[in-house]
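The following blocks contain the structures, represented as C-alpha cells.
Common to both upcoming complexes is chain A, partnered first by chain B, then by chain C.
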Partner chain A sequence: MDRIPILKMGPFLLVTIQVDMHDRLALSLQDDLAERIASTEARGVLIDISSLEIVDSFIGRVLANIAAVSRVLDAQTVVVGMQPAVAITLVELGLSLPGVRTALNVERGMELLRAALESETLGSDGDASTAF
Partner chain B sequence: MVSVRQAVRAWAVEMKFSLVDQTKLVTAASELARNTLIHGGGGSARLEALEDGGRQGIRLIFEDQGPGIEDVKLALTDGYTTGHGLGLGLSGSRRLVNEFEITTSPGEGTRVAVTKWK
Partner chain C sequence: MASPDSSILPAVVRDHQREILQQWIAEQSSGSNARSDLLSDAELRQQSSEFLQLFREAVQAGNLGNVMGTEWQGVRELLATVSKANAIRGFTPIDTATFVLSLKRPLFQQLTTDAGSDADLLARETWTVTTVLDSLALFTTEVFQRSREEVISRQQQELMELSTPVVKLWDGILAVPLIGTLDSARTQVVMESLLQRIVDTEAGIAIIDIAGVPTVDTLVAQHLIKTVAAARLMGAECIISGIRPQIAQTIVHLGVELVGAVTKATLADAILYALRQSGWSVSRGRS
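== the complex of A and B ==
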C-alpha cells in the first residue's frame, strides 16, 4: 500500500499531500505521524494540503485527529495551503476544523511553528514575561 | 470512491462549472459515495447531465440495497451518526447542492439523488 512521505526538518515534521486521498491512506497518515512524532521527538507538524482538491468530512476529521494526537504528544500541528474553493465547501459542509491551526502557506506555517516553540522555550526558562 | 470523485470532477469541468461549484459537487459525491459504501454495504453511482430550458446541471444518483434508513429526518440532522463519522455526510452534502432527494425504507435500501445547476 502506498504511503504519504513524512520529512523531518529540525524539530518539525513536514507532510505534503499530493494525491487524491482515499480513506485508508488518510488513516495510515494519522498512525504514521503519531509514531514519527514519538520516535523523532518532533515539536511541530506542518501539513501542506495545497494540492488537495477536496476536503470532505472524513479527511477533515483525520486532520482534526492528527492535531489532537500531536497535541497530546506535545507537538503543534499547522495545516497550510488550503485552496479557497475547498475552504468555502468545507464551511458549507458544516466543518470548521476546530482545534486545527491553519496558515495560508508553508512559509507562514513554519513561522507559526517556530514562534510557538520559541515562546515555549522562553516559558520553561522562567522568563518574567510568562509570569501572567 | 476515488473513481466516483474523479468522474464527477471530469464532468463538472467539461460542463464548465465554476471551481467552487466543482468542489462542492465533488465533495457531496464523496460524502454520498462513502454512505453507500459504509451504511449501504456498497451500491451504484450514476451520473446524469441535465438540460432544462437553457440551464445545465449534473445529477448524481447513489443507490444501495442496504438496511435503509428508519428515521430520515433524524439522519438529516447535523451531527447525527450511526457510524463513527461526524454525522455531516447527508446533512452537509444537502447544503452543497441545489436539489436533494432521498428515498429509503427499512430493509429496502437507500437512493439519494442530488442535482447541482450551473
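== the complex of A and C ==
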C-alpha cells in the first residue's frame, strides 16, 4: 500500500500530497503523522495540498482531525497551496477547517511556522498567533 | 350618396363591426404571418375585438387625419400594450404591424360593398383607411422597438452588475469592489475570480468592498462569510470594507457575525490596514 512520505525539516514535518487522496491513504497519513510528531517531537506540520484537486467531506474531516491531533501533540498545522476549487468545495460542504492555519505556498507556510515557533520560544503569548 | 366631405367609414365600422371582426380574425389566423405558436386563438380574438371596439369609437369621434389626437388615445394605449407584450413574447416587428395592417382587407371589402358604384368615394375612403392604419402600424413598430430597447438596456445593466473585477492594489493586496445585489450565482463568480487571482498574484490580503451593495440580508452575509472562509482556506486574509452605517445596523439586527473577517468602514481604512499588515508604512512626504 502506498504511503504519503513525511519529511523532517528541522523542527517541522513536511507532507506533500502528490496523489489523489483516497480514504485509506488519508487515514494512514493521519496515523503516520501522529506517530512521527510524537517520535520527532516536531513543533510544526506543513501539509502541501497544491496538487490535490478533488476533496470530499471525508478528506476535509481528516485534514481537520490531523490539525486537532497535532495541536494536542503541541505542533502547529499549516495547510498550504489549496486550489480555489478545493477551497470552494470545502466551504460549500460547511468545512471551513476552523483550527487549521493556512498559507498560499510552502514558503509562506514555513515563514508562518517559524514565526509561531519564535514567538513561542521568546515566551510571548503563543495563543495570540494561533489565529482562528 | 354621402357628401364629399363626410366619410362613410364610421357608419361602415358601426354597422358591420361583427362581420369585420370575423373576417379580420380569419385573415390574421390564416395568413402566412399567423403566430398561433405565440398567441392563442382566444387571446387573438379578445385583442382584435377590443381593438375594433376602440377603433370604432375613435373613427366615430372623427379626426381621421391624425391618429396622435386625443380621440385615438384608447387605440394607442391598447396598441402600446399589445406591442410591449409582443416584444417580450418574441414576436417580430412584422408580426406586430401585421396585426393592424391585416385589418385593411376586411375594411376595404366592407367599404367596397357599401360604396356601391361610387368609385370616387371608394378611392377616397380607401385612402383614409390606408393612412389611418399605416400610421397605427408604424406606431406599433415604434412602441415595439422602444420596449426592445428597454429590454436591452436592462440586460446591459444586469451585465454590468455581473462583471466584478478583482483589482490588484499593491503587491500582495487585492480588492474586489462589489456593485449591485449579491446573489448566490454572483457570489460564485466573485469567489472563483477572487480565489484564482489570489493564486495568480500570491496575494495575502483581499479587500472586499461592499459600498456598492444596496442591501445586506442574511443571505448576502452568508455569501460574504463563505467567500471569506474560502479565501482563508487558501491562506489569504479578508477585509470587508465599505460598510455603511445602515448596513452595520442591519448586520447587528440580523444577528449575523462576519466571522473571520476584519471589517473596516471605508476602503481607505482597509487599504491602510492591509499595507500595515504586509509590513508597509504609509507616511506623507513634504507637502
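The rule is simple: the second predicted complex is superposed on the first by the 123 of 132 C-alpha atoms of A that agree within 3 Å, B and C clash if a C-alpha of one lies under 4 Å from a C-alpha of the other, contacts with A are read in each partner's own complex, and residues count from 1 in each chain.
Going forward, contacts are C-beta pairs under 8 Å (C-beta built on N, C-alpha and C of every residue); 3 or more make two chains touch, one makes a residue touch a chain.
Because the structure is a prediction, the values reported are computed rather than measured.
**Q** If chain A is used to align the two complexes, do chain B and chain C fit next to each other or clash?
**A** fit
**Q** For A:F58, using the defined touch cut-off, is the partner it touches chain B, chain C, both, or neither? Pick first, second, both or neither.
**A** It touches chain B, and chain C stays clear.
**Q** Can A:L97 be said to touch chain B (first), chain C (second), both, or neither?
**A** Second partner only.
**Q** Just checking: does A:D20 make contact with chain B only, chain C only, both, or neither of them? Give me first, second, both or neither.
**A** First partner only.
**Q** Quick check for you: in the superposed arrangement, does A:N105 touch first (chain B), second (chain C), both or neither?
**A** The second partner, chain C, only.
**Q** Touch test for A:I88: chain B only (first), chain C only (second), both, or neither?
**A** both
**Q** Could you grab the smallest C-alpha gap between chain B and chain C in the overlay, to the nearest Å?
**A** Between chain B and chain C, the shortest C-alpha distance works out to 7 Å.
**Q** In the superposed arrangement, what residues of chain A touch both chain B and chain C?
**A** The answer is residues 83-84, 86, 88, 90, 92 of chain A.
**Q** Report the residues of chain A in contact with chain C in the complex, numbered from low to high.
**A** 79-84, 86-88, 90-92, 96-97, 102-105, 108-109, 132
**Q** Quick one: in the complex, what on chain C touches chain A?
**A** Chain C residues touching chain A: 188, 191-192, 195-196, 198-199, 202-204, 226, 229-236, 259-260.
**Q** Please output the residues of chain A touching chain B within their complex, sorted ascending.
**A** The touching residues are 20, 22-23, 53-58, 60-61, 83-86, 88-90, 92-95.
**Q** So in the complex, which bits of chain B are touching chain A?
**A** 1-2, 5-6, 9, 19-20, 22-24, 26-27, 30-31, 34, 78, 85-86, 88-89, 91-93, 95-96
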